[in-house]
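To start, I am sharing the structure in question, which I have written as structure tokens.
Residue numbering begins at 1 within each chain, and the chains themselves are lettered A, B, C and D in the order written.
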């Protein structure tokens, strides 16, 4: 019983070990080639999203949590951006809110430069109208306090038949910006110091 | 619980059609020839003790019991045994032997062994006489009566229920029997109570036979066992006369699944059987004839008394023949009776009715799961599941739905809006399970 | 003479029973059709003659699709009325100004996919009309959420966009009693057949009176919704039962034989579950109306309910329950063993006397 | 040569992984929302399938039986990770739309199934032919499904940004149910039913 059979017991272990080693080496090699490319691709993709709102941007910086951004053109701050999350009809709606470079004393001073949707899972043909320009364009040059449905006195018209999605966008923007305002202020001040 | 399981609704109310309930029992002329199958009862077939060419008299034993659960058979006419043939049973469709007797028209009886003091007979003597008279349950099940009267020692019988429900439409033979032979029935009951040693009996009669209830109540009150026998009025509902539903209705008890009424200390007997017991004990006459109803599409529906083995066609002719469009002949009631192949089929001990009909079978549709069968089932089963499983040959699953508990009363098929012959599927399933059962 | 006719006759042999109730599938279906005419009349009155066109197109498409599907499946086409019922019900849960092509697609889907693909009448898992509505809702979300205000003119083709009472919540201009009366008579926006609670109620009572449906599902379903709405603060129970398609669902959809449990107990569970789901969807969910999905979800549970909620058969002796504490169980069984069955049965008998 | 062709044909027709073996349905149903996705997925699956079959076939003589499955899984997982990284680096757009389903190729039954059932018992040439056949079969199936889903769900067909055509009525009112997961089941179900009706699949 206690006697180990080399062929039956040890060989499979050794074989599996060798296979795993080879695959680790192969993966390490592939990773070394692709790592940088993947990172740049990610960066490019995000830059593209930002450049929708800041067409003349050259660079941006973000905080540690990666949800607040300051956008530059040749070292001049031209605006801020905040990632916001709303909970919609079909799931979370991830958005990017572009802000004008205003004085950041309170949230009331904020003016929206524009809005884009990064990802969502709203009903096609209904809720997914939040990605269409007729809805998104309403968020251009709107003060933070105006981010409310027109029904309740705000500047934004809801999409007919998709009130829930429209509300989700608005609630997401308001709550996320309120949450992240402090870290945005911190980020902006640190950028200005440096 | 009654909110979930409305017991009152379990059962059906088919139109009664008791068109013969006011017709007195008439005697059919003696047949020219009788065919007596050796298996007219549940249990082992009887063994023939006559051979071709033998002269026999009325009431002469022509076959003896083939085992404990079996009874002898007596000749129902006087004449000559012409042949022993093989024939298909009118009940089980199994092939068995039958004795054919040519009647000589004299109607000579054998010497009747009439006890001088029927009241003084011992229990053993009574049982022996019941057995030798060839008495079986005349409600239709034809279970040998002497077996019922000898329960195993561990089963103490304390109650007898007399079944006078006759819940099947058309049939009125028991009804007439209660009206015309009430005294005999009660005497028969007295004998039974003596044999079983119990002093509690119920006579269950459906509310659609008020005259029978009145008559039986009168007879009971005048008898010397009036304190022990209760006439129980039952609602007219099918299947009230099935022994398990009857027992539940009267005593509020249920027979365990797979059990018999004797498991709860009860014996259920048909009124016709009691009359036969009376005849055997008081008059010494063996079971050679019975009352039966001829109804449906016949010219003159009647209650008649006829010898066993009489071809149905002779009885029908006595009732004026059939209506022109009739093409179905049923032995028994319309709910559980068995359709016969030919008008010449002889009647047997279990034949309580001959019903003539026009075939009205409709095309079987898809089950729409309406639940009518579940609601109708007196045994609280789900009959539609049997259809589904039998159609898919999944016989083992039938047991999960207690198929053995089904009494094949036909309530499910009666109400089925899709005209599914549920009883047929259930019979197939039961037969298939029987085949698979380890022997 | 008589003897000759008797002997020569050929007899038909069939199994018992040899008599049959007069009820059959066809009759049941036509009674349902008759009962459905009331909500249809209501729809035509409130939303104009166009809705009648919707109903007709839906019914014709349903019948045609069933015919074609049967032909494809090489089965015999029987006009048993079930396609008409499905077609009518489907039309009743559509918005009044739905384009006809959407009606055709939906009705065809109801029959071809939901019903025939599963094996035809009696084999479908989901209520065809509701599944068809769900399909159309998911497919053409825009069309299915454009409601109009009642026009109350048969020939009018006007369409003033309006929200359904449930979609609007409680922002109703006017007193509560006015709202109730409007909801009861159907003077509100909504699907063709679900606006007038009264018409549906009359149709439902017709079904109850003819014995086509049993009281259990509608009563328990509506009752559960009422009770839960009453228990949840801020909800108006009367509004909840009158608004939306609850009555239509409770009387005509949830009671569909094929897709609801068969046993009384099972039907209670089914209706209660559907009622809970309606309130969950309406109050906590993101959709204004939840009747269709509540019934569809409970449809999915029906086979499970039917499997586990069987009626207790006659003479059933429950198997001895296994105790989680074996020591106690032992003591118990010896107790029981001392008293044979006989005792319990005599007890019962004495109780009867 | 003949049986190599036979192995090739088998995967495409007689034993089509999706339509007949009903294998690899998870990625088939999930990513078949557009023809682009279908092509991308096919390419990824084919690469992994062929490489896995080659490697498994090569080491089939030396693989101890007891660790057979773990070894296959390690090989497949490595290959899939390589594909995933490469896609992320060079075609990030496609990688994003295929999402989680690229890493999930690891558990795609077609690949492990062919490695275990075929490549571990057959020669290199046969294994490559088998993988190629299966890959093409998978590709054809997923492309057909995605064609219907894209057409019905969006009303138009575009391949890699090139507009091919749009269906007149559908484009205005696309049946978005076909883009949703439910639509994938519907399309697959109807396709299977049609194939079966036409006799392409034997009923069993």
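General remarks:
Note that a contact is a pair of C-beta atoms (placed from the backbone, for glycine too) under 8 Å apart; a residue touches a chain by one contact, two chains touch by 3 or more.
Given the structure is predicted, the values throughout are model-derived calculations rather than measurements.
Within the contact network of the assembly, the step distance from chain B to chain D comes to 2. Of all the chains shown, the one with its CA centroid nearest the global CA centroid is C.
Look at where the CA atoms of chain A average out and do the same for chain C: the two points lie 46 Å apart. With each centre defined as the average position of its C-alpha atoms, the distance from chain C to chain D rounds to 41 Å. If you average the CA atoms of chain A and of chain B, the two centres end up 84 Å from each other. Multi-chain contact residues, meaning those touching two or more other chains, occur in chain A at positions 123-125.
Shown for chain D are the residues in touch with two or more other chains, namely 176, 180. Chain contacts: chain B has no residue touching two or more partner chains. Chain B contributes residues 3-6, 12, 14, 156, 158-159, 169, 244-245, 248, 251-257, 259, 264-265, 313, 316-317, 320-322, 324, 326-330, 332, 334-344, 355, 357, 359-362, 365-372, 374, 377-382, 384, 401-402, 405, 408, 410, 413-419, 421, 423-424, 427 to its touches with chain C in the complex. Of all the residues in chain C, the ones that touch chain B in their complex are 2-3, 5-7, 9-21, 23-25, 27-28, 78, 80, 82, 120-123, 257-258, 262-265, 268, 310-317, 341-342, 345-346, 348-349, 351-352. Chain contact summary for the complex, chain C toward chain D: residues 72, 101-102, 105, 113, 117, 135, 138-143. Chain D makes touch with chain A in their complex at residues 62-64, 66-67, 70-71, 74-75, 77-78, 81-82, 85-86, 88-90, 92, 153, 174, 176, 179-180. Of all residues in chain A, those touching chain D in their complex are 8, 11-13, 15-16, 19-20, 23, 26-27, 30-31, 33-34, 37-38, 41-42, 45, 123-125.
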